[in-house]
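The two complexes that follow have chain A in common; it is paired with chain B in the first and with chain C in the second.
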Partner chain A sequence: MPATYEKIATNTLGSAASSITFSSIPATYTDLRIVLTATYSATTSSGGQLSFNGAPSGTLFSYTRLYGQGTSPTTSINSNQPAITPADTSWTLGNTMPDFYTYDIFSYAGSTFKTVLTTNSQDYNGSGSTGIKVGLWRSTTAITSCVLTASVNFATGTTATLYGILKA
Partner chain B sequence: MPSTILGIIASSGGAASTSSYESIASATGTGSSNTITFSSIPSTYKHLQIRSIARDTNTNNDFSSIRIRLNSDTGTNYVRHLLAGDGTTVTATGATAQSSMIANGAARQNGSTANIMGVSIIDFIDYASTTKNKTMKAISGNDVNGSGFIRLNSGLWLNTNAVTTIELLTDAGFWTTASTFALYGIKG
Partner chain C sequence: MATYTLINSNVLTSSAASITFSSIPATYTDLVLKASTRGDDGAVSYADVFYWFNNDRGSKYSWTYLSGSGSAASSSRNAATTEINMYRVGTRAGATANTFGSWELYIPNYAGTTGKPVSTFGASENNTTAAYITAEADYISLTSAITRIDIGSYSSNFVSGSSFYLYGISNA
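Coming up: the complex of A and B.
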C-alpha cells in the first residue's frame, strides 16, 4: 500500500531537453502533483506545457486562467488545445530566472474527464507573473504518463518531481 | 435537508503513514444528501487540507460552489473574500457576517457536459488553536472547453474553538455519486 503523500519520481536534467516525461505511473493513488522548477535555454513563449499519455497533440485540452503581471489582473480562456500550459508563460527569460510551477491532477485514474489546477510563480526582478489556472482533459482514460514540454529546451538543472496522493 | 454524517472512524482506514501529510478520512456523494461531514477530527495536526472533485444534482449548466461550515456553526460568523476569473472578467469581492465560507466554483451542476467536475484544494490553517480565529484558503475551478471559472478564496471563522467538524454543503441539490472529498492532516 503506498503512503498518503509520496514521491513517485524526480527528474533533474543533466543536459538541456525539450521535454520531461513521467511514464508508467501506477494507478494506486487518488491524485497526482507535479512540482516543476524550470529554466530555459532561451526566452520561450511556451514553457511547462502539460500533456497526458503522450506529447502535446490533438484538441482535447482546455483551460481558464487568472494571472497578474504587476499591473491589472487578467483572465482568459483557451479551448481545444493540445496541452495545458501554466497560468502565464509569456515572460520566461532564458536560463537565469527559475520559473516555479505546480500541477495538481485530480482523480487521474478515475472514469471522469481529468481536471487540473496549476499555479505559476515567475519573478524576474522588475517583471514577472503569478497566476492560477484550471485545465481540462476531455478523456475518461486513466493517466499513465505526464509529459512536460517547452517550445525551447529546458535548461540543465531543471527539476520536476511527481508525487502521488492517496485518500483514505 | 438531510445530511450525511461520515465520522472519522466510519470513513477512515487508509494507508498507515509516517509522513507529515496523512490521510484522515474521505467521503463520496450519495446523490441524496447535500452535505458531507467530517466529524471527530483529531487535534493532532497543525493544518488540514481537503482535496475534492465535485458535481451537484442541480440540472443547470453552470458552476456551483462548496459552502463550508465549521463545528456546525450556522450563525453569521464567517467572513470571506474572492478573486475570480471567468475568461472575460476579473472580479474581487468580500463579505462579512456570512453563514458559511465558500470554495467558489469548486463544483459543476449536473446539466453540464457529462464527466466534467469542479475541483478544489482547501487549506485550514492552525485549525486546532484555541486562541485564534480560523482562516481558510481555497483554490478551485472548473473548465468546460470554451468557458470556465478559476477562483482564489479566503475565509475566516470568527471563533477560537478548535475545529472538530467540517461540513461541505452544496449551493443547491445534492452531491452526486461521482463527487469525492478527502481530508488530510499536515503535521507542524
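Coming up: the complex of A and C.
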C-alpha cells in the first residue's frame, strides 16, 4: 500500500521549458497535490496554468478566485476555460524572486467532475500577490497526466513535485 | 526517507514569549510548520504572529496578505522589515476561552542558496463577531540555508497548550 503522503514524481528543470508534464499517474491514491516553485524567463503573461490529460484546450474548466495585491481584495468567476490558472492572473511573474503555487486535486481517479484548490504566493519585497482559487474540471475521465504551462518559459531551476495522498 | 517527517515539536506547558526550532537539518526539500497558538494579553480576540529565520533581524522580510473577518476583506503589504507578520492568525485573551488560532507555514527549498518564498495560511475562529482567515505570500532575502526558526506573538506570551510542529518534506 502506498504511504499516506508520497512523492510520485519531481521535476527540476535543467533548462528553460514552456511546460512540465507529469504523466502515467497511477490511480492508487485518493487525492493529488502539486507543489511548484517557479521563476520565469519574463515577467509578463501568465504562468502556472494547470490542465489535465493534455495541454490546455477546450472549455471544461471553470473557477472562482479571491486574491489581494496589498490593496483591495478582488474576487471573480470565469467559466469555460482551457485550464485552471493561479488565482491572480493580473500579476507579473517572478523572474528573480520565485513564485510559489500549490494545487490540490481531489478524487482525481473518480468518475465524477474534479475539484481543484490552488494557492499562489508571490511576494517581491515591496509588491506582491496572494490568492486562493477553487476550480472545476467538468470531465468524468480519470486524471492520468497533469500539465503545467506558461506563456513564457519556466526558468532553469524551477521545481515541480507531484504527491499522492491516500486516505485508505 | 519518509516523504513527510516530524523534525521536532513543542507543546507549551507554561507560557512563553517565543519559541525556537534550531539545528534544522538540511536533509529535506521543503519545511512545513503547523501551529495552534493563543496569546495571554489584550482585550481583543486576535493576535498577529511573527517569525524570522536564522536569528537574522536584518531588513530582509516582506509580505503581502489577504484576509477576511466575516464582514470585510482586506489586503496589505510591507517590505524590508525585520520579521514576517502573519496577520491575525492567532487568538489572544479577548477570544472565547480555550480557542486557539491555527496556522501553517510552507517553506520550499529552505536549504537552497536563493531568497526564500514562504506561503502561510491561518485562521482564528472563536464563535464571536471578530474572527479572521488569512493567506499570505512572504519573501525573505536570505541566501543561506534555514537552520533556525523563531516564532513570537504580538505583545504577549503564547499560553500553555500552544503547540508547534515542524515537518520536513522530501522529494528525493
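A few points about this structure:
Everything that follows uses one rule, which is that the second predicted complex is superposed on the first by the 165 of 168 C-alpha atoms of A that agree within 3 Å, B and C clash if a C-alpha of one lies under 4 Å from a C-alpha of the other, contacts with A are read in each partner's own complex, and residues count from 1 in each chain.
Heads up, the rule we're going with is that contacts are C-beta pairs under 8 Å (C-beta built on N, C-alpha and C of every residue); 3 or more make two chains touch, one makes a residue touch a chain.
Everything numeric in this text was worked out from a predicted model, so none of it was measured.
Superposition of the two structures on chain A shows chain C clashing with chain B. In the superposition on chain A, contact of A:S151 is made with neither chain B nor chain C. In the superposition on chain A, contact is made by A:P73 with both chain B and chain C. Within the superposed three-chain model, A:D99 lies in touch with chain C and out of touch with chain B [touch as defined at top]. By the touch criterion defined above, A:T159 lies against chain C but remains apart from chain B after alignment on the C-alpha atoms of chain A. Once the two complexes are overlaid on the shared chain, A:D123 sits against chain C while remaining clear of chain B. In the overlay built on the shared chain, the residue A:I132 is in contact with chain B and with chain C.
In the superposed pair of complexes, A:T43 makes contact with neither chain B nor chain C. In the superposition on chain A, A:Y5 makes contact with both chain B and chain C.
Within the superposed three-chain model, A:D31 lies in touch with chain B and out of touch with chain C [touch as defined at top]. Clashing C-alpha atoms between chain B and chain C turn up only in stretch 93-101, chosen from 57-65, 93-101 or 165-173, once the structures are aligned on chain A.
Applying the stated touch rule to the two superposed structures, the overlap between the chain B and chain C interfaces on chain A comprises residues 3-6, 66, 72-73, 119, 132.
Residues of chain B that touch chain A in their complex: 11-19, 21-26, 51, 53, 83-90, 115-119, 121, 139-150, 152, 178, 180, 182-184. Those residues of chain C lying in contact with chain A across their complex are 2-4, 29-30, 62-68, 73-77, 79-80, 106, 108-109, 114-115, 117-119, 121, 135-139, 141, 170-171.
On chain A, the positions that touch chain B within their shared complex are 1-6, 30-31, 62-66, 72-77, 79-80, 104, 106-107, 110-113, 115-117, 119, 132-136, 138, 140, 165-168. The touching residues of chain A, when paired with chain C in their complex, are 3-7, 10, 35, 37, 66-73, 97-100, 102, 119-132, 159, 161, 163.
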